[in-house]
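Following this line, the structures themselves.
Shared between the two complexes below is subunit A, which pairs with subunit B and subunit C, respectively.
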Partner chain A sequence: MMNWEIRVLMTVLFVVLAPFLGGLLDGIDRVITARMQGRKGPGILQPFYDLFKLMNKQLLAVNRIQILMLLSYLVFVILTGMLFFGGFDLLLCFFSLSTAAMFVILASTSTHSPYNSIGSERELMQMMAYEPAVLLTAVGFYLSTGTFKVYEIFNTSVPAIVKAPGFFIGFIFILTIKFRKSPFDISTSHHAHQEIVKGVTTEMAGLDYAMYNLAEWYENIFLYGVVGLFFACSNPWSMLWAFIAIVCVAFLMTLIDNVSARVRWELMLKLTWAITLLSAGVNLLILEFVR
Partner chain B sequence: MKNIHKSPWLLHYDGSSCNGCDIEVLACTTPVYDIERFGIVNTGNPMHADIFLITGGINSQNEEVVKQIYSQMPDPKVVIAVGTCACTGGIFKECYNIKGGVDTTIPVDIYVPGCAARPESIIDGVVKGIALFQKKHEDMKKVGKVSNTMN
Partner chain C sequence: MELLVTLLIGVPFAIAAVLAIVKNDWLRGKIVYLGGLLIAILAVVTAAMWYTGKETVTFNLPGTEALSWIVLAGDFFLMFLVIWLSIKHHKTIICVLSIVQTLMVAWVELMGPDVSESAHMRIDWLAFMMILIIGVIGVLIGIYAVGYMRGYHVHHKEFQDRRNFFFAIIFVFYGAMFGLVTSMNILWLDFFWETTSVCSFLLIGYTKTEEAVDNSFRALWMNLLGGLGIAIAIVYAAVTYHTVNLYDIVANGVAVAGGADKAALIPIAMLAFAALTKSAQMPFSQWLLGAMVAPTPSSALLHSATMVKAGVYMLLRIAIAMNGNFVGQMVYIIGGFTFFVTSLMAIAQNDAKKVLAYSTISNLGLITACAGVGMEETIWAAVFLIIFHAVSKSMLFQCVGAIENTTGSRDIEDMQGLVLRYPKLGLILMIGIAGMFLAPFGMLVSKWAALRAFVDAPSTFLVVCIVFGSATTMFYWTKWLAKILGVGIGGREDITQNNEYGSMFLHAAMIILLCLSFPLVSNFFVEPLVTDMFGYAVSVIDAGSVMIMVIMVLGVFIVPLVSYLLTRNVPEKEVLAYMGGANAGDNIHFIDAFGEEKDLKVSNWYLRFTFGARKLFMPSVIFTTVIIVLFISLIVGGALR
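Entry: the complex of A and B
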């Protein structure tokens, strides 16, 4: 079903469409958030206005290396998505994503701002919290489908969620960290929320911040792609389930963001590792024994 | 994309005041007035801000702070002085430590009078500021000094 023409097409579609989809999702998120708080809120296209505004602002950069690092972040995030939608190895995607995350930290630490320093420390804590779950997700896909290759996962007869629901729960739990939403938005957070001024993004102005936002939209689409992959299989109707799952997860993220307060990093680490070990770990043991 | 007026991010600083205007500014972000419908984000970071909204006058201690924040904001930027104290120094004007209104330290574009300034008049001032923000952007483009300056 998934031959190389489709893989190339998917890769191109990702590179072209992901910014629009990512921005749109962000806009919808802001509207839903406003409605949950009893406000009118901005229009759905607001994130795009923000992006173009940032591009038109003066570029106040503390040093040149920051721009390079942010560009690397953008490039690696796009590469991650291309590898994923091109149907390559899932492990490769996750390691590429970790590399991209490292570039954000490097961009942040290069500025020597106190807020950035605290933000970078917290970003490292966040990585420590979510990396086990991310790696276990790849393991979960392997155990349930017998392969790490994304296009082969697509071609299995049974979707991964049937055998790996625990891994799915673990992955959903760490998504709040990746999307920078409450309760785990301790290194920097989206929209109007403030924490240690703006954490790792404090010293990014104008085009710098625009690049960062664009990279985040690409990253979000990739992560929603992984959510969809749990439900995808060779049956064309599974794509509908994948779509419904992505919509549900997106709504859940907005809901969690609005009903929870920011937690300290100790609690974040304990919670994420506990949920990861409990859900994904138990799932892993069951799969090992049943086989 | 020519229009940048749809995304004015706002930075709020409270100088030497009774905090009355301060509370009214925060009231603008609540569901009743909801300034986010104009695309306004109440940011805490000067590097991300477009509109600098100051309540309260300038004293010898916050003078440097206000200058610092103003210098950290990338162009184009708009400064709005909210409340009588920010406009002229208000009832604190004669105090030994007060320099006066915000315009004694940094250039002010829009003055919003009132003690305390009502949320309606604050929003009115901010909307005027948004129009000016767009105009400054167009002027910058004409001169051709858009972005790419490094400190």
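Entry: the complex of A and C
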């Protein structure tokens, strides 16, 4: 059903549409957040206005290397998404994503700025916290569908969620870290009340910050894609379920962001690893056992 | 082939004898270069000769009878050496280990049961790989050592200059390693095994400081304990099966799965135990960490091409006999656990050599786990891990050694902005670090394969170990990489010598070449090796994904380069970093609360109280000791039942 023409089409669609969808999701998130807090909030298109404004601002740079690292980050995130929507190996996508995440760290530390520095160490801690769950997610797909290939997962008759609910919970849990949502927005936050200024993004201005935002939108769409993949199968109606799941997860993220306070990294690490072991780990044990 | 292998083992010993008496520095340098070149050529020619046939060959060296006597005499020589040194340093208890095992082996040789005749030597794919690694990587380390040791004795006037001894031992090491990987007769293998144990002991004690002596004796007793394992395996096999052929022992072990007597697992377990000590797995990791007191080339040698690789070589040899039994479970639990816990401990280290040491143990843990599972895919991954690890780690040690000689420090915190301060050293370090963990370099591909293999094994324990271990591995490498890529502050002149750079650049070239030719290495070497072991091959990672990986290798270099070209002319305004208004005119100073200018230092997290060795080491040692005791009891008990 999913031959190479569709794979190419999906890849192109991702590259072209992901920024719009990502920005739109960001805008909706802001509106819902505002409503939850009893504010009116900005228009849905506000993230795009912000992006254009950032692009037209003068570039203030502490270190020339930073922009190079950020562009590399953007390229690797786009590559990750292309590999995913092109239907390639899921582990490969996640490795590519880790490489991208490393470029954020390098962009941040290249400035030798104190707030960036502490932000990068926290970012590293976040990576260490979510990485096991991310890799286990790929394992979960493999065990429930028999393949790591995204297009083959897509073509199975039973969606992965049936056999891998534990992996799904583990993945959703670490999404709060990946989306930089409270309570785990410790390395940098979308809100203006971060105790370390802006953490890893402190020294990003103008075009730098615009590229960073754009990369985040791409990354978010890829991550929502993985959420959807848990529900997708050869039955066309599964796409509806995938869509509903993505909407629910997006709303859940916004909700958690608004009802929780930022935690210390120790708690984040313990919680994340514990949840990963308890949900994905136990699911893994069961699937290995019944195989 | 007989002649070549005789030369391969004999020549290093002969050169070692010459080096031991040469005191002239210039002459020694020339001998090391020429001798190293000769050994490398011999190794490559032997490997190439073998590769033309690609058939496992078994043969005897000319004068095997006499050589057996020499080996026995050598055993006793090592025993007396250990006795003498341990009495001299008031550690007499250690020599008991040596006496017991030497007498056991001598008994088998002189008065033991009749053993079936078989050839003494054998070369197959695995030996082919090891010969190349020892011959190329090992020799490059020797060449690097010439320049390094000159600088070392300029800096460290307090230590006695025993370089003739140092280089002699390094060449003995080559010879012993060549012997070890080509021996089929386990009595010979045991002799070479003991030789490497004693050599590493002598290298670690090179500086003769109290710490060095203590650490060297720790290395000695742990490795002798492993040697005792081999001795038990020898006696058991000779008495029960009338064989001293390693491959007969393995074949007997394999037969257990088909319903044969379970006692055949006992020698396999003993050999596995010996291999665990040699490759510094928990609870025997401490000796390799203590080995850091020796000059850097010996660390590089112990960590990459020799010593610890002897351990994993042994594990791969017996891997097919470990698949799906208690021995395999013991080995993979120890390996997987070591992989994870030592990568956690590496986070708390700011001494570059210590980080490398923990990382070595960690990676060896992964190889050990792969061998313990003993399936086609895990062997595939293990072989790749051995190759990539040997090259990367050898280069990283050499690089850290050169940095220490140049800057006077091997603290990672002192490497701030190394790429700008010492571009050549920085570049090499960057390639080395990237090679160790980054997508899409070799180590990561191997980890990828290992993860898939563990899922298929199926082993939940190992899957959990590898995913958590990968996360922690990423932490300590990334923070190091970030450190060297930052803003650089001043620096002394780079005093790294040409021979050091020569060796390091060759390593760097090898790493990049290996990454790019990854599919070829898999096709023409690793898959035949696996086929040879199991009778059929598997493709662990499909061709499409491999091609994407190769493209990504290029991408990691090209993307930043293109990014640089694209952003080079973007107009920008130079500004200071944000410091809440406490800036002092640049990014490396700030104004403190008293209005004075202070140096701004940003530091990585080391989290000693959370991940430090002091907190984690003892519990890990206890856990792994319990595992080993438990499983060996199960194996012996299962055999007796």
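Criterion: the second predicted complex is superposed on the first by the 287 of 291 C-alpha atoms of A that agree within 3 Å, B and C clash if a C-alpha of one lies under 4 Å from a C-alpha of the other, contacts with A are read in each partner's own complex, and residues count from 1 in each chain.
Criterion: contacts are C-beta pairs under 8 Å (C-beta built on N, C-alpha and C of every residue); 3 or more make two chains touch, one makes a residue touch a chain.
No experiment lies behind these values; they were computed from the predicted model shown.
> When both complexes are superposed, which of subunit B and subunit C contacts more residues belonging to subunit A?
Comparing touch counts on subunit A for subunit B and subunit C gives C.
> With the two structures laid over each other on chain A, which partner does A:L92 touch: subunit B (first), subunit C (second), both, or neither?
In the superposition, A:L92 touches subunit C alone.
> Which of the two partners, first being subunit B and second being subunit C, lies in contact with A:W4: first, second, both, or neither?
Touch status of A:W4: no partner.
> Should A:V197 be classified as contacting the first partner (subunit B), the second (subunit C), both, or neither?
Both partners, subunit B and subunit C.
> Once the shared chain is lined up, is A:F251 touching subunit B (first), subunit C (second), both, or neither of them?
Neither subunit B nor subunit C is touched by A:F251.
> Looking at the overlay, does A:V62 come into contact with subunit B only (first), subunit C only (second), both, or neither?
both
> Identify the partner contact of A:A34: answer first if only subunit B is touched, second if only subunit C is, both if each is, neither if none is.
first
> In the overlay, answer first, second, both or neither for which of subunit B and subunit C A:F20 touches.
neither
> Counting only touches as set out at the top, which of subunit B and subunit C does A:L136 meet: first, second, both, neither?
The second partner, subunit C, only.
> Can you list the residues of subunit A that meet both subunit B and subunit C?
58-62, 64, 197, 202-203, 207
> Residues of subunit A touching subunit B in their complex?
These residues of subunit A touch subunit B: 30, 34, 37-43, 46, 49-50, 52-53, 55-62, 64, 191-192, 194, 197-198, 201-207, 209.
> Spell out the part of subunit C that touches subunit A in their complex, as residue ranges.
Its residues touching subunit A are 416-417, 438-440, 444, 448, 451-452, 455, 458-460, 463-464, 466-468, 470-472, 474-475, 478-479, 481-483, 485-487, 544-545, 548-549, 552, 555-556, 559-560, 563-564, 566-567, 570-580, 587-588, 590, 600, 602-605, 610.
> Subunit A touches which residues of subunit B in the complex?
1, 3-4, 6-9, 29, 31, 34, 36-39, 41-45, 47-48, 50, 72, 74-76, 137, 146-151
> Residue numbers of subunit A touching subunit C in their complex, please.
Subunit A reaches subunit C through residues 58-65, 67-69, 71-72, 75-76, 79, 83, 88-89, 91-92, 95-96, 98-99, 102, 105-106, 108-117, 120-121, 124-125, 127-129, 131-132, 135-136, 139, 142-143, 148, 197, 202-203, 207, 266, 273, 277, 281, 284-285, 288, 291.
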